[in-house]
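Everything on this sheet refers to the single structure shown next.
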Amino acid sequence: MSLIVLIPLAAVVWRSQERGLGYFWEAVTTPDAWAALTLTVGASLVVAVINLVMGTIIAWVLVRDRFWGKGVIDTLIDLPFALPTIVAGLVLLALYGPSSPLGIDLAYARSGVVLALLFVTLPFVVRTVQPVLLELDPDMEQAGASLGASPLQVFRRIILPNLIPAMLSGTALAFARAMAEIGSVVLISGNLPFKTQVASVYIFGQIETDNPIGAAATSTVLLVVALVTLVALDLLQRWGSRHA
Amino acid sequence: MAIEVRDVNKSFGVTPVLRDVSIDVTSGSLTALLGPSGGGKSTLLRVIAGLEQPDTGTVVISGVDATRLSPQRRNVGFVFQHYAAFKHMTVFKNVAFGLEIRKRPKEEIRRRVMELLELVHLDQMAERYPSQLSGGQRQRMALARALAVEPQVLLLDEPFGALDAQVRKELRTWLRRLHDEVHVTTVFVTHDQEEAIEVADTIVVLADGQVKQVGSPAEVYDNPADQFVMRFLGPVTRLGDSLVRPHDIEISPAADPAGTTATVVRVVRLGFEVRVELLIDGQETWAQLARSTADRLDLQPGQAVTVRPSPAARPLALSAS
Amino acid sequence: MPKNLIRYALRALAVGYLLFLLVLPVVLIGWRTFANGLGPIFEALSTPQAISAFQVTLVVAFWAVVANTVFGVGAAILLVRHAFPGKRVLNALIDLPMAVSPVVVGLALILVYGKFAAVGGWLETLGVQVIFSVPGMVMAAVFISLPLVVRAVVPVLEELGDEQEQAARTLGAGWWQTFRRITIPGIRWALGYGIVLCLARALGEYGAVAVVSGRLVEQTQTLTLFVEERFQNFDETAAFAAATSLALLSVITLLLTKILRPKD
């Protein structure tokens, strides 16, 4: 465990600090590194918010609605987890690339990056909200309605508070995944520096051009974000279990 | 002696669970470890089985010092409260497990398992899985599994604890009869004094990690070592400065200088027994009468009566402990 | 009925979103792959380069699964059955690979096991090359799929409890016999589930493997790298063919996990 995980990760942090904090700061604020980082954070935030809304709606439809083909959709939700990310990128490029049959070309555009990230992070919110929604006691909603609450009030004041910990956990997972993603983005984004190059691709480039310290510096930023997300998740889960 | 436990101490963290516990279990006996939950009885049983290590002290099984032996080398049969059935094996396979581990020939295993399943009345269920059995059946399977390896001692941890009242009573009688048939030294843990009195021939009362008393059911019931044992083994009430069993209180309507004057507060008929609530100098007490006696006395609330312990009673002075 | 209206609107929104994000793209790639019949696909996948990619992928995935099965079961037992200092930290660290970018994983391995790093240099003198070769790729695949087996096994092990194991011990079973005859059968479905997930992840890994492999054609090129390289070289037929075979693998994985997933 430590041979494969801890020591190598520690080496990344250590290498990034090798020439002091000043150099570290310079390395992550070079125009192209900074552009890649801000794009990654920005796109991940957008993706997280869309997932928060759409993921909850999909989970809701899967649990509360009944229609033909629901079982198939329920299975398909996990496809982005099972599909290799590079294939996911290729698949999206086929529909939303230069030869799109829909006439929508998102290749080499930031919207293409967001699309790829949406694809790979789809299951997170759905799969964290779904079980909570299933466990939710319908008596509670009926009690709320019997006390005179409108359907909207029941949703806002009774259902939503119960779902929020799961929704936020799923969103945090999606955010972390989006920050870390490379495979699905590589093909559709074209990796244009200052425009569509995400942090992981930038690090990749730095490794290929033999700049390990620059790569380590940007990696350290991603590592810190990952750690913060994990800690936030841990806190979220405790908060959620206290309220359950 | 089948089991000798000497000066065993055991703590979980800073909480002492067993304090200087020493007991002897004679070969072929059926012994109950009785006490309130948290009193250390299950821990003692697990120490005997080797599932827990004592901090200090020794455990000798059939003359061999077993203190440092792992459970697999002690040759004890252990029956868990929640059966610990091997869910992925049939009833037959469950019972055969210990014999297969010992690499006995197939034919012998088959014969022995079927014998045991007959003994526990599960011979029709051999090919079923534990999930297809009722609680009582699972417990009997667990018992057959423990007996299959011909253990030197059989240890049962609250064996009927998870069963409903009716099945519990049936299995109790059945365990007693089984023991008379098989004669294996048996120790079982229970918090139910009725169960201990009915089934065991020796009772060890354990509370706060200490042995409070050892004796036959009659001894511990009639001659409790202290207030705690007396209260734990049956109903008690106060008469003056002593504790008495309520069925050892005699009531007479006539005044009697040898007795104490009391006032009847309430008469409750509970089927075959009648509970008479009394007040003596402002102190509440109660007596348990047979229905015929109560009918003869025809007590009314407010009536003044005389009470005294019956000649058979062994009151325990409250100041003594 | 506004309530029904809302219901239909939500349903349409959810289904539409999934249709355009998930279903149509996947269907389209299948359709494009098979548009010219099976001949070109077969041809594209039987070049030495493609065959080598298949082989490398299988070797890497196989060893990653073996390593993670052993580690995963061991770590799960450690976490559930034993109390030790640092347990909470280990528990948290196991999830770390889920949140770390695969590229960072690759970089981390290069920094320790690369030719110019201390450990890597020492291994090099022993004749073991880790980076730009199979051992490094296995390490990368192990790293990124580390939590899958552990997280699949832990809840089942918790639910199983240790009474069955204790019962086996009192019946005379040794440590290994108890493990093999009681523990393993108890967790077999969860273990299978974890292994399938791990296999899928190892087969489909791109970022970490891309970094540590050096992407040497016919030497360290896995299927995912093959897809990318062929696509960048405008060989769409081969890229689509390989992508479709990977997609088929993942669909099989998906169905397998549906069957294996512990039902409650």
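Annotations for the structure displayed:
So that you can tell them apart, the chains are marked A, B and C in the order they are listed, and the count of residues begins at 1 in each.
Throughout what follows, a contact is a pair of C-beta atoms (placed from the backbone, for glycine too) under 8 Å apart; a residue touches a chain by one contact, two chains touch by 3 or more.
If you're wondering where the values come from, they're calculated on a predicted model, not measured in any experiment.
Just count the C-beta contacts per chain pair and the biggest one is A-C. Seen from the C-alpha centroid of chain A, the farthest chain centroid is that of B. Legend note: the chain whose CA centroid lies nearest the centroid of all displayed protein CA atoms is C. In terms of their C-alpha centroids, the spacing between chain B and chain C amounts to 54 Å. Work out the mean CA point of chain A and of chain C, and you get 18 Å between them. Separating the centre of chain A from that of chain B, both taken as means of CA atoms, is a distance of 59 Å. Shown for chain C are the residues that touch two or more other chains, of which there are none. The touching residues of chain C, counted against chain A in their complex, run 3, 7, 10-11, 13-15, 17-18, 21-26, 28-29, 32, 71, 75, 90, 92-93, 95-113, 117, 139, 142-143, 146, 200, 203-207, 210-211, 223-225, 227-228, 231, 239-240, 243, 246-247, 250-251, 253-255, 257-258. Listing the residues of chain C that touch chain B in their complex gives 163-164, 166-174, 177, 181-182, 185-186. By the touch rule above, chain B contacts chain C in their complex via residues 49-51, 70-78, 80, 82, 84-88, 97-98, 101-102, 142, 145-146, 148-149. The part of chain A that touches chain C in the complex is made up of residues 1, 4-9, 11-12, 15, 54, 57-58, 60-62, 65, 67, 73, 75-80, 82-87, 90-92, 94-96, 101, 115, 118-119, 122, 151, 176-177, 179-183, 186-187, 199-201, 203-204, 207, 212, 215-216, 219, 222-223, 226-227, 229-230, 234.
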